[in-house]
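Same chain, two partners: chain A is paired with chain B first, then with chain C.
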Partner chain A sequence: MTLLLQGLALGLLTGGLYALLAAGLSLYFGVMRVVMVAHPAFLFLAAYLTYSLHTGFGLDPLATMPITVPLFFGLGVLLQRVIIRGLDPMMSVLLTFGLALTVEGLLGTIYTGSYKSVSMDYATRSLSLGEVHLPYDKIIAFWIAVITLTALFALLVKSRFGRALRATVQHPEAARLVGVRTERVAGYGFGVGLATAAVGGTVLALVTPFFPASHWAWIGKLMAIIVVGGLGSVLGAALAAILLGVVEGLVLVTVDATWATLMFYAFLLVTLLLRPQGLFGGRLAHRF
Partner chain B sequence: MARILAITVTCALLAAACAKTDEPGTAPRTGPVRIGVSLPLSGDFSEPGKGIQEGYQLWAETVNEKGGLLGRKVELIFRDDASDPNRVSSDYESLITQDKVNLVFGPFSSRLVIPAAKVAESYNMLFVEPAGAAKEVFEQGFKRLFYAAPAIAGDHYNYLAEYITKLPEGQRPKTAAYASLDDPFAQGTAYGLRDKLAAAGITTVVDEIYPPDTTDFGPIAAKIAAAEPDIVVGGTQFEDSVGLVRALQELKVQPKLAAFSTGPTLPEFPAAVKNAAEHVLSPVGWAPTTDFPGNADLVKRYKAKFGGDAHEDAANGFTVGQVVEAAVNAVKCVEPTRECQDKLADHIRQGTFDTVVGPLSFDEQGRPEQAHMIQQYVGGKVEIVLPAEAKTADIVFPKQAW
Partner chain C sequence: MRIVSSLLLVAAALAYPWLVPNYYLVYAGVLTVMYAAMATSWNILGGLSGYVSLGHSAFFGLGAYGTGLLVARLGWPWPLALGVSTAGVALFAALVGVAAVRVRGASFVIVTIALVSAMNLLAQGWRSLTGGSVALQVPSPFAGLHRGQTHLLFYHLFLALLAAVLLAWWLISRSRYGSGLRAIREDEDKAESLGVPTAAYKVVAFALSALFVALAGGLYALWFGSLDPIFVFSVVFGASMVLMSLLGGRRHLLGPLLGALIVAPAGEYFLIALGETQIHLTATGVLLVLVVLFMPEGILARRWRRDHNRRAPQVLRRSDGGA
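Right, the complex of A and B next:
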């Protein structure tokens, strides 16, 4: 029983991390119908930046976000302007695949292929509730995910930019007619997506060691999450991430790790067969 | 008349030249001894690939200073196979037929060793390799392949198994948990220990296998925590060894002994887990501190030539050189002919060779018959604790809490 509770707790916390890492992916798709294969590569680019700032200037990994987040927003806007704009979804897969390889190659050249890690003393302690232990690094990751996703959600729902962005997603021509500068808005949308990668990368640096090719282990899981959640739905992706995190945790403690990894693809397959729009996806036009 | 003679001679020479091209075994018997190697100098295995290359270069330098092989200078010819199994085949093909090398040395990792050894075997070339420990390597029917390292995966923990099973009754651990990456090499190391301990009556309470892209080790550690084992063994590479140690710490699992393959032997390990590295055990094929023949010299030369500290990959490359060098000096030939290469292979199969990783001998399939040393972090430093002949410090058991 303790084991089940422990699995559930760990799954829930890991699900939060997954939600944070997948948020950008659904945003890109929602905003621009871009399948951004390079998102995990940018997560690790951010992790490396965090590593550099941590080892170079002694900054706490979490304190690097005020630097990396604006940087990634700018980078995102630039990327969208220069290469992503005007691509159809199929082309975007190929192009962002190339982008992922470029980032990986760049990281390999600068940081070499050896492993890097950011290890903080607080990251290996845990909060004990009776027999169940909650690791602080996972708790931190979970709360950062909650804060980031709440902020992202508020931005999309409440702000003027959010309304313009949703209008651009739902009907670009109508949006242009009422004066939304759709091109610019789409660029900012991409920037926001990449900014979430900066946050995610910082958290990743805290919980796991990494090397330039680490991103390949994540792309499959994250893609499965956004499809199960409903392509383009930020909220759906977050809920799917929690669901899959919990399922993974429970299968891990009751069966084994091979079956737990398989769960992502089993859910993906079942979703595509029975409910191709995703668990929480409605009509494409209304998602964000 | 002179012209006719000239034409005849030219034709004869041309014919001889043409006849030569596809035939290995016609390299000149004077001049340098050319050794062909294809290595993954780019791609997935570029880091270890470059490490092996450094070992080969250091060996060649050492030999040449002593006057070369059978009085002939050693010249290494390197190709980069980009970690690609197809490219490695064509590299060895052309090294043997075009460059007409006298000898070939192996590449890095089982994935490249198998296709490379197939080519070498088809030209009857001796194939001593530095890094192909998976059991599949020895099941291909190769007759001239030898793995120049102390042990295949299953024997890595032999000294530790012996130590644990010989502990007095009261101290001897009773239960053990195993977690291993789904990879023939990593699994082989953990299972080698598991089988020996199980045979000695130590109960296996957890036996987990996880796929290579596992990123979350919390739930695996939770299972181990629930079983409260006396010892924890990881059949690991790097990321997972760190992931497991961190997760075990977080879930407050405090075994009396913790052993992980590969990860703890890398300098990145203590940086990643900090104080938790203390008293962690790991099998290691080579150590800078041992006084095996040529080892001190290797460490010194490495520092002088490449800067930084010598490492296991370089030592493995160096070992290949030492084994082949001993064989060449013993049978007194270094030609790429079937006759000579067979003599070399036969010699290696029956002999024992002094190398920087210790004395090596091989079985019929080319498997080495020794075991890895066991290292432990003691006072933040890597010390060799087993076997007794090579130890630099006493083994600490039980370990401190992490």
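Right, the complex of A and C next:
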């Protein structure tokens, strides 16, 4: 029983991080119909930047975010405006796949293929609730994810930019007719998506050791999450992320790591067979 | 004239191992022909139906492990092992295909990435069967031959496979079935409303293209003798088939072959020139980005259009230029 509770709690905490990352992926898909395979590669790029800033300048990983987040936002806008716009969904997958390879190769060349990690003394202790032990680094990661996600939702729902963005997602032509500069909005949307990768990367650097090829494992997991959640639905992605995070946590403590990860693909397969549009997805999923 | 030059090319391909000065180049030739066969096989699905799979290395890996395990663990004769494992993979692909082709475009790409990731996990996790990350050793069925002679033999085996795949693609593309696949590529909803059994067509294309890739995998296991899940079930490996097909031109019979002739030797050269660093990944990635941005229809499409324009009347050419 304690074991199950422990798995549940850890799964929930990890699910928060998954939710943040999957929300970014859903955002790209919504605004651009782009399946951004390179999202995890940029996630690891951010983790390595955090590592460099930490080892080089002694910055606390969390203090690197004011640097990496604006940087990634700018990079995202640039990527969208210069190379991704105008491509059809299929070609954009291949393009972002090429970007992922490019980033992985550069990281491998610069940092070598060995594991790197950032360890802070506050991150190594854990909080004990009865028999359940929760590491502080996972708790910090979870709360950063929750805060970022809340900010993202507020931005999408409340702000003028968010309304323009959602209008662009729902009906680009109509949005243009009422005066939304859809091209520019899509660029900013992409920037926001990549900025979430920067936040995620910082968090990732804090909670787990990483090496350049580790982004592949994340691609599979995140893709499974956004399909289960329903392509293009940010909320659906977040809920599916929590669900799969918890399932992973439970299987991890009861069976083993291989089966825990295989759960993502099992859910993906079942979703495709029974409900191809995803648990919370609409009409978008079929067509793209 | 065309026939003469084609025959000369075939003769040159057959004689290649005797024309090069050392066995390393024969080895590189085997790899190149293997890639060409796989890319052409990928193109049965990718070129004709337009469904882009980044996960075909899953079928390569399954074919390789299937053949390898039957030979190494059960001591089956290699042709039987190869046949049984290939048939098994094709059946498996048909089953996966039933689920996978329910989604289109980018979602389908996601599913294929997930497929190869899942297989990779299984192969690494199921240590008692596959040996996990400690490579599975497959005894060579031709123990009497030395390394160079083995390369020579497998060069011709892979060449035969390439010929078979090219023939299959050509036959399919000229058939009614091929027209159905093309209709799916151009507009799946219209094709379906016109009575093309789209789901069945797509599943068959998926399984056929997996079948030849699995054969390549099985031959690879017998040739290379050592299987590492990280390499055979790698998304990068699957992506190279896509890159080759796109670069050469996926609407054309010889497009993937041409792409393989460019990309595979370039990859080997990179490995020698730059050693074991990861920069070759960046080179592949940048090449893929450039191909997608600037010549998504491939080299052959450009050539074909140029020749076509030269012959076309002036009016047509002008309307073509506007498109």
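Everything that follows uses one rule, which is that the second predicted complex is superposed on the first by the 282 of 288 C-alpha atoms of A that agree within 3 Å, B and C clash if a C-alpha of one lies under 4 Å from a C-alpha of the other, contacts with A are read in each partner's own complex, and residues count from 1 in each chain.
The rule is simple: a residue touches a chain if its C-beta (ideal position, glycine included) is under 8 Å from a C-beta of that chain, and two chains touch if they have at least 3 such contacts.
Only a predicted model underlies this, so the values are computations on that prediction, with no experimental measurement involved.
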Clash or fit, chain B versus chain C on superposed chain A: clash
Which of chain B and chain C A:S128 touches, first, second, both or neither: first
Which of chain B and chain C A:A217 touches, first, second, both or neither: both
Partner chain(s) touched by A:V227 [first = chain B, second = chain C, both, neither]: second
Which superposed partner A:G98 touches (first chain B, second chain C, both, neither): second
Contacts of A:A195 with chain B and chain C, given as first, second, both or neither: neither
Touching partner for A:A238 - first (chain B), second (chain C), both, neither: neither
Touched partner set for A:T258, first chain B, second chain C, both or neither: both
Touching partner for A:L152 - first (chain B), second (chain C), both, neither: neither
Touching partner for A:G113 - first (chain B), second (chain C), both, neither: both
Steric overlap of chain B with chain C in the superposed model, located at which of 27-35, 63-71, 99-107 or 117-125: 117-125
Chain B and chain C footprints on chain A, overlapping residues: 113, 216-217, 220, 256-258, 261
Chain B to chain A touching residues, read off their complex: 44, 46-47, 182, 208-216, 218-220, 222-223, 225-226, 238-239, 242-243, 246-247, 249-252, 266, 268, 271-274, 276
For the chain C and chain A complex, residues of the former touching the latter: 50, 52, 54, 99-100, 102-107, 109-111, 113-115, 117-118, 121-122, 124-126, 235-236, 239, 242, 246, 277-289, 292-293, 296
Chain A residues touching chain B - in the complex, by the definition given at the top: 2-3, 6-7, 10-11, 13-14, 112-117, 119, 121, 123-126, 128, 133, 135-138, 208-211, 213-214, 216-218, 220-221, 248-249, 252-253, 256-258, 260-261
Contacting residues of chain A [partner chain C, same complex]: 29, 33-35, 37, 83, 87, 89-95, 97-109, 113, 212, 216-217, 219-220, 223-224, 226-227, 231, 256-259, 261-262, 264-265, 268-269, 272-273, 276, 285-288
